[in-house]
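Note that chain A is present in both complexes that follow, paired respectively with chain B and with chain C.
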Partner chain A sequence: MIQTILDALSYGGLYGLAALGIGLVFGVMRLVNFAHGELIAIGAYLFIVTIDLGLPLSILIAVTGTAILALLMEFSVFKRLRLAGPAVLLIASFGVSVFLQRFYEIIFGALPLSGQIAPWMTGVMEFGDTTITRGSIVTIILALILLGGMWFFIEKTTLGLQIRAASSDFQTARLLGVRSNRVIGAAFVFSGVLAAAVAFVLVTQRGSVDPLFGVNITILALVGTVIGGLGSLQGAALGGFAVGATISLLNSFLGNYRVYTYTWLFILVIIVLLVRPGGLISNKAVKERV
Partner chain B sequence: MSDDLLRSSQLPGVTRFQWQQLLGPIVVIVVLSYVISSISITFTFLTEGTLALLVMVLGLQVFIGNSGVLSFGQAAFAMVGGFATGLLTVPVKIKENVLDELWEPLKAINMGIWPSLVIAVAIGAFFAFLTGLFLMRLSGLAAGIATFALLMVADNVFFNWRLIGPGPQVMPQVPKFGFVDESIILAVVVMVVVYLIGISRRGRLLRATREDPLAARALGASVWRLRVLFFTVSGGIAALSGAMYAHHSGAVSARDFYLGFTFTTLAMLVIGGATSMWGAVVGTIAVTAIGQVLLEFESGVTVGGIDITLPNGARGVVIAAALVAILIWRPKGITGGREFALRLPFLNRP
Partner chain C sequence: MTLLSVRDLQAGYGKVQVLFNGHIDVEPGELVGIVGPNGAGKSTFLGTLAGSVRASSGSIEFDGASIKGRNPEDIVRLGLAMVPEGRAIFTDLTVNENLRLGLTGRREKSGAQQAVDEVMDLFPVLTTHKNHQAGLLSGGQQQQLAIARALVSEPKLLLLDEPSLGLSPTVIQDVFGVLARIQERGTAIIVVEQRAHLVMSIAVRTLVMREGHIRATLSQSDAQDEAKLAAAYFGTGEDRE
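Our next item is the complex of A and B:
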C-alpha cells in the first residue's frame, strides 16, 4: 500500500517535471512541443555516453547539452514561426521530433545503448514488513527540489516575472518592455534542464536508451499539460502529476487488465477536455471560441 | 490568431465546380499509377501502397482542410477499417488456427473483398460519427489533443483485445487485390467524393466556419453539425484506406496505423497543401517520390562512379526536414492550397 502511494507520487512527480518543461514553452509561445521527448532522449544519451567520467561531470554535460539542443530548436525552427498559429507549431514540432529521432538513429544506431548511471537507485529499502524502492524516493525528492526551484525562479526573479507576464498575455508584455526573444530563449533553456532531470530518472530506471526513448513520457506529459490548463504553469505541473499518478494507480488497481491502462487514461483525458476545454486551471487569455 | 496552414485566401471561383480541377488530379493519378506499376512487380506493390496512403491523405484533407481543425485521430478509423476487412475476408480455417481467441461469430464470417470494403467503410464512418458527436464540441488545441487521445485508445484496444483481432500479432492471409486497377478505381472514387463534398454547399459553409466562425454562424451554419458530418465522411474514407492497405500488404496489425502512419500522412497533407484536394494528391506523390529515392540511396547507389550509401534513417530525416521547411517558407504547401489549374503550381505565387 505504501509502495503504491509512493509509486503514484514518484510517477506523478516525474510526469509533473516533464509537463512543466512543456508548459513553460507553451506559456510563452503557444507551442505544444512534441520534440520535448527528443530533449529527454539526448539527455539520456549524454548520460550513458559520459558516465565513465564520473556522475557529477556527466550530469553537467547532460544538462548543458540538453539545454543547448533546446535553444538550437528555438533558433533554427520555432523562431522562424513566430506568426504561425498553434496548429502549425504543433505540426512543426512533430516534424522536429521525427527529425531528431532519425538523427539519433544515424548517430547512435537504432538498437538500445545501455549503461548503469546510478546503480544505487535501483535498490530497495526495508522498513519492517514494507519494502520501498530507492528510486521512487529519489524521484520524489528530485521532483520536489526542481519544482520548488522552478517555483522560486518563476515567482521571485525578474526573468520569472517576465515569463509569467508573457504567459498570460504575450503582446501586452512585449508592449511593456519584456524582451520576447530573451524570455522565449529562457523558457527553452529551462525546459531543457527539466528534460535532463527527467532523462536522469528514466535512464537510471531503464538502464538503456534508444531513439524513441522520450516519446512515451512526452505524449503523456503533453496530455497532462493540456488538461492541467494551457498557459498556466501550476496547471501544467499539476496536470502532469495527475496523469502520472493516475497511470500508477490504474496499473495497481486494474491488476490483470493493466494492459488497458492507457485506454482508461485517455478516455478520462477526453472527458476532462469535454468538461473543461480550457483545462483544469484555465487561463482566460488562451480561451478559444468555437 | 492567424493560422496560415489552415486558413487560406482562396482565389475566387474555386468554390464553383470546374472540370479541370477534378479531372486534372484524376488524370495525373491514373497515368502515374499505370506508368509506374508497369515498370516491375516491386513498383506495382509500391503504387498500390501509395494509393492506399493517398486515400488516407484525402480523408485527412476533407476534414482538416475544410474545417481547419487539426485531427490526429483519423488513423484510428484506418485501424478500424483494416481490422474490419481483415476479419471479414481472412479464410475461416486461418482464423481458427491463428486467431484462436477470436469471438466465435467473427470466426465463422467470410465474404469477398468488395462487400467487405463496403462494410469496413460503414463501420469506420459509424465510429467516426459516434466519437465525432463528442469530440467535435472541441476546437483548436483541445481538439488536437482529444483526437490524439482517440488514437491512443484505439491503438491500446486493438493491440490488446484478442476477442476482435490478433492483439499484438499480425493478422495474416488477408486476400490481396488481384490487380493495381482496384486501388486506382477506389482512389479515383474517393477523389471525386472529396472534391464534390468540398465544393458543395455544406463544404463551403464549413470553410466559412474555418475562416470566421462567428460570421458563419450568422449565416445559419451549425459548426458542430458540419464538423460531425465531415468527420464522419473523413472517418469512412480513412477506414477505406486502412482496408486498402490490408488488401495490399496481405496482412494487418495495430501498429501499422500508429504514430509513424499518422506522421507520414499528416506530413503529406501539409507538404502538398491542406486546403485543396490537389494539395493532398501532390503531397502524397512528392513525399513518396522523395522517400523512394532516398530508400535507393540507403541501400547504396553509384553516381558517376562514386558509391553513395546513406545511413538508415536518412529518409525520415529528409522528410521531417522537408515538412519543417515547408511550414517555415511555404506554409500553405507546394500547391499553395489551391486546386489544380493548367499552370505550373510554383509560378502563380500570390
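Our next item is the complex of A and C:
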C-alpha cells in the first residue's frame, strides 16, 4: 500500500514537471508545444552519451543542452511565427517534433540507445515488511525540489512576476515595459530544464532512449495542462500531477486489466472537463499572445 | 519643445485601415482630449502612439525622437505610458504586484520606492488594499490602480483610454479629479472618452474623431455650444478642419 502511494506521488510529480514545462510556454505564447517530447528525448540522449564523464557533469551537460535546444526552437521557428494564428503554431510544433525525431534517428540511430544512468536508483529499501523502490523516493524529492524552486521563481522573483503577467495578458504586460523576448526566452529555458529533469527520471527507469522517447509522456502531460486549466501555471502542475497519480493508481488497482488504464484515465478526463470545462484552475484571461 | 508631434498617421488591422491622417501636438504638462462615437478610431490612435498597433505610415515624434514602429516595451521606457480601455489590471495579482509591474517601464531604476509612495499618496485607497488581489477591488479602485500602475513609471505623457467606462458618476468625478493633480505634477495627458462634456471640461483642447479621421478641434469654451459640439461629434454640420 505504501509503495502504491509512493508510486502515485512519484508519477504525479514526474507528470507535474512535464506539464509545467508545457504550461510555461503555453502561458506566454499560447503555443501547445508538441516538440516538448523531443526536449525530453535530447535530455535522455545527453545523459546516456555523457554518463561516463560522471553524473554531476552529465547532469550539467544534459540540462544545459536541453535548455539550449528549447531556446533554439524559439529563435529558429516560433519567434518567426509570433503573429501567426494558434493553428499555424500547433502545426509548426508538430513539424519541429517530427523533424527532431528524424534528426535523432540519423544521429543516434532508430534502435534504443542503452545506458545505466544512476543504478542506485533502481534498488529497493526495506522497512520491516515494507519494500520501497529508491526510484520513487528520488523522483518525489526531485519533483518537490523542482516544483518548489519553480514556485519560488514564479511567485517571488521579478522575472517570475513578469511571466505570470504575460501569461495573463501579454499586450498589457508589454505596455508596462515587460520585454516579450525576455519572458518568452525564459519560459523556453525553464521548459528545457524541466524536460531534462523528466528525462533523468525516465531514462533511469527505462535504461534506454529512442527517438520517440518523450512522445507518450508529452501527450499525457498536455492532457494534464488542459485538466489543470490552460494558461494557469499552478493548474498545469496540478493537472499533470493528477494525470500521473491517476495512471499509477489505475495501474495498481486494475492488476491484470491494466491494459484498460488509459481507457479509464480518459473517461475520468472527460468527466472532469464536463464538470469544469475551464480546468481545475481556469485562467479567465486567456488572451491572444504577442 | 513640443512633447508629442504626430503627422499623417495611418494605422489599422491587417488590410483594414482604421486611422487616417492622424495628427496631434501635445506640449509638456498639457491635457488634451479625444472624443468621438464608437468605432471612430480613438483607441487605435492611442494604441498606435503606445506601440501596440503598427502604424503603416506617418510620423510620431516623442520627446525629440521618432517612436513610430518601436515596441511598446521600448516606448514606455522613453516616458510614454498607457492605461488601456477596460483598465486591464492583472486581477489574479495583488495590488502591490500590479504596481511592481508598472515599475518595469521606468527609465531610472533608482527612486522606484519614492515613485510608489507618491502614487500611494495620490490614491490612498490602494495603500489599504496593497496586499489584496486586484480582482477584488471595486471598478473605481481598479481604475485608480490602472492609473497608478502607469504613473509609477513616471511618464512624461500618460495616455488614458476611456477611463470612465463602467464607472458610476461619483467615481468618474473622483477619477477625473485625480487627472488634474497628475497634470499639476507636470505630466502631459491624452484622454480618450465618449463623454465629450466630461473631457472638454478639463482639456485645453479636444479632438473630435469620426470614421478614423480627426474632424474637428474644439476649445474648452466650445463645450457650452451644443450645436457646434453636435455638429463635430455627429457630422451634422460642416467639419471644422
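For this structure, a couple of remarks:
In this text, the second predicted complex is superposed on the first by the 286 of 290 C-alpha atoms of A that agree within 3 Å, B and C clash if a C-alpha of one lies under 4 Å from a C-alpha of the other, contacts with A are read in each partner's own complex, and residues count from 1 in each chain.
The criterion applied here is as follows: contacts are C-beta pairs under 8 Å (C-beta built on N, C-alpha and C of every residue); 3 or more make two chains touch, one makes a residue touch a chain.
Given the structure is predicted, the values throughout are model-derived calculations rather than measurements.
In the superposed model, A:Val226 makes contact with chain B only, not with chain C. Of the two partner chains placed by superposition, only chain B is touched by A:Leu90; chain C is not.
Of the two partner chains, neither chain B nor chain C is touched by A:Ile2. Looking at the superposed arrangement, the partner reaching more residues of chain A, out of chain B and chain C, is B.
Contacts of A:Ile68 after superposition: neither chain B nor chain C is touched. Look at A:Leu111: by the touch rule set out above, it reaches neither chain B nor chain C. Applying the stated contact rule after C-alpha superposition, one finds that A:Arg179 touches chain C and leaves chain B untouched.
The part of chain C that touches chain A in the complex is made up of residues 50-52, 71-73, 76-77, 81-82, 84, 88, 90-93, 97, 100-102, 104-106, 149-150, 153.
Residues 32, 77, 80-81, 83-88, 90-92, 94-99, 101-103, 105-106, 110, 215, 219, 222-223, 226-227, 230, 259-260, 262-263, 266-267, 269-270, 273-274, 277-278, 288-290 of chain A are the ones touching chain B in the complex.
Of all residues in chain B, those touching chain A in their complex are 1-6, 68, 70, 134-135, 137-142, 144-146, 148-150, 152-153, 155-157, 160, 213-214, 223-224, 259, 263, 266-267, 270, 311-317, 319-321, 323-324, 327-328, 331. In the complex of the two chains, the chain A residues touching chain C come out as 158, 161-162, 164-165, 168-169, 171-180, 283-285.
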